[in-house]
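By written order: A, B, C and D. Residues from 1 in each chain.
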């Protein structure tokens, strides 16, 4: 973990409530897709945890959904704003034991870390597929960006306005058994995916309300088969076998 | 009183801890020298009351002394910052009954409202004099500005590094009886001036810690011969006769 | 069209937003700023029998997301209020007024209430037994159930108007005090008053406030106020006016969901004189977002479901 | 050179700054960030006899200038702490450690203290009788003088180490509770724990925290903490560790002027992991500005002068 200032370079609106932010700064602490940063916002006591969508030596890409006062403020900060940032938080996805053709499964804003994940898996010569769920076509984002990585992308929308009608599970259900998923999204989605008979294994990225984001307060603890674990420090990514609902 | 956004145009450092700020905005609520504005600062719950030093149709001039965290922040805000401002607060100096050659008496940052006051008295054809007190030569500011208005200016410094050694009272004491003062400065100065035998009358601008600045909370009340009076709404300028120490 | 009206002990307010006592004077200053008739009601400055000059300066300190006041119940006294403020209020506001009443003895409380009996526009008496800024020989009446009950009894027999006891947060068990007031016939409760706090001036190395301590209010205290409203809602059947740290339509809605029938807004008025107006304007949209047609349906909503 | 050292019940700390229990774990996370030996001490996470999983999610909420936690004393239990944390602490920190000890019965408090008797590095036992996040059949031990006295008695006989009782703010008269602890032989006091508060989630219209209520801490509570430290300083002769809302050298100095001999820093560590380091680095300059050569001269300084 490092603490440093990141400069907001650009905020680009992707849908009614989702934005892509580009931040410039010291990204050296980011080592794996699925890690997150914790941003201090003017006038807010707690920082806001946001997944790293993608990164290079000097830039972070974040996808931010307006979920409340803090994110509303964040996406509207003027370019040039400096954000005090804790970077490189959490353990990201562990790619060592992931099969060749794992299914990246994301719901809504949860697809953010899957983009950088897909990019790195492909760069490493693997052939991941992606199943992305949105409420509707109007809520969908990053379709071109995923497509441009050159992987197979299935979309599900709740109202059927794009791709399969229904949830990501409705797509996953059509796959044969023995799938390995790398999943991020709202808890009900994670739970439904986790329960699919198709799954041989997988990694699931969790969310929790956090105070510190670096393991000090145990505010974000969930119960796992390994005992209590901190989402921020021991996660946010947990192995399928360890998860208790 | 109005509430509107003022834009910080420029902050110019005058001494080690005194700055001149130029703000652009709607000054229509300012009607008399000695009034003040109440500035909202990012992250501070209460506003900060600052005297209007001078104003024209679209600009406010403020002199701000770094006295704590808020003023330290204020003078360092980047140009272009918008400040939510309550403007035109308080009753300023009442010029209707002021003799021709009143003595403007100011100590430290208290000279701020006297500048706009002098300018308007002179414009109205009166011949005020000024006695300005500072700690030392290094702490003195706005000497040229006062001189440029074309009025007689006496300086007193506590260490004698400029003008008379001592306090403004040491200058005032040398004047004949029958003086009328328009005074602003720290409470001990006001009290000492008020007690001078030379005085026939005068007006004294007070400071108090304020919550609202517009008369609602009675947080700033002082006791006067007329009963309890709010510094923000009934003052900050009080008549010599009414003052109780 | 969302129905913003609420009813408190038989008194209907056009909306739940009420400027809190001590932050709105007797309405004069705000009447210069906006039409007071947009308000549900307002609670006037705590009034005692005799005029009070209040505490020495300084009386105000700042803190993170809040402020401390040690005004010390400065007010012109009940007679002057009846003579000079009430007739003026009738001109600037046409809704029901909440009269905040203070006292230093049971007799004074009762007498102040009696004196307001003919004041038509005063529809609720808000009996402040929790001002932390006056040292009337130790603790105030609101800090234990017995003295809170005693004040309730004294005012209950002195007036026919609805009586709301205003409780403070500086107690171990506010629900117990609320129950004591209910048992003696209170018509409602208002909570919370300010939290006892202090600041020290590093320049003088002495307490910043001349009174040493002051009452903390503003957004800093909101979670404490909300919790107490919740606890009292569970403890009594009386209508509650929720107060403490409300500065937006959202925080007002939280207060109602915790159990408040109406919401007082205090320190927010001092920072932003138009705060109550903005909150009232934001309420209809918020109600739509929350899916309620009658704002009164929010009251206590977080207790079940 | 300013002397930053302070002494608490015979235990000397190189400076008064102590990370507060529950915001510093057992030191591991912070040892990765800076050399812990700059600290006066640290107070480890509240530890119970048996391991505790803590409360369900969510456990954290935000509020203006503060936060609510409902962690519910999650900890690995005293045995695991002795076995796994103490040896690690010896590697990452070489000063005196404050052991925050919790319990659900007098026996548990006593036993936890006894178990620490041989832990050389533990120089002070901070007995937490004020955690608002565990519902051990109603009120906690710290909410009335009799049960506070009972815990003090129980731990006093169980250990030779200095015992500091950690008191909470959710009481009518904290001074009375402090006196009860003093009478039973407490060596010092630590105050304050968190203020009981809550938030409601407007999306679900239900309490945001799974535990419903949580403990409010952070700058929002500073004036309340300061006032309580003042009151307790006037009431007892014991050394006080002041805690609540401290986030800077300045607020630490206010705490000491109010009566604290040392200062715990809690929520500030969570927002800024380097908060204690920054405060310690700022102290010498502040002492010079305040004109003190020994920081310990600040303690209680605002009470006289």
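Observations, loosely collected:
Keep in mind that, in the parts below, a contact is a pair of C-beta atoms (placed from the backbone, for glycine too) under 8 Å apart; a residue touches a chain by one contact, two chains touch by 3 or more.
Note that the structure is predicted; figures quoted are calculated from it, not measured.
In terms of the stated touch criterion, the partners common to chain B and chain D are A, C, listed by label. Fewest steps needed to get from chain A to chain C, stepping only to touching chains, is 2. More C-beta pairs touch across the C-D interface than across any other pair of chains. In terms of the distance between Cα centroids, chain C is separated most widely from A.
Chain B and chain C, compared by their mean Cα positions, are separated by 36 Å. Spacing of chain C relative to chain D, judged by their CA centroids, is 33 angstrom. Taking each chain's centre as the mean of its C-alpha atoms, chain A lies 56 Å from chain B. For chain D, the set of residues that touch two or more other chains comprises 61, 63-66, 218-219.
Of all residues in chain A, none touches two or more other chains.
With chains as nodes and touching pairs as edges, the resulting graph is a single ring in which every chain has exactly two contacts.
Every pair of chains meeting the touch criterion is listed here: A-B, A-D, B-C, C-D. On chain C, the positions that touch chain D within their shared complex are 61, 63-66, 68, 139, 143-144, 170-172, 195-200, 202, 205-207, 212-214, 216, 218-224, 226-227, 230, 245, 250, 253-254, 257-258, 289-290, 301-302, 305.
Residue ranges of chain A in contact with chain D, taken from their complex: 1, 3, 40, 44-47, 86, 208-212, 214-223, 227-228, 233. Across the interface of their complex, chain B is touched by residues 42-43 of chain A. The touching residues of chain C, when paired with chain B in their complex, are 22-25, 28-30, 32-33, 45, 53-54, 57-67, 69, 71, 74, 218-219, 267, 269-274.
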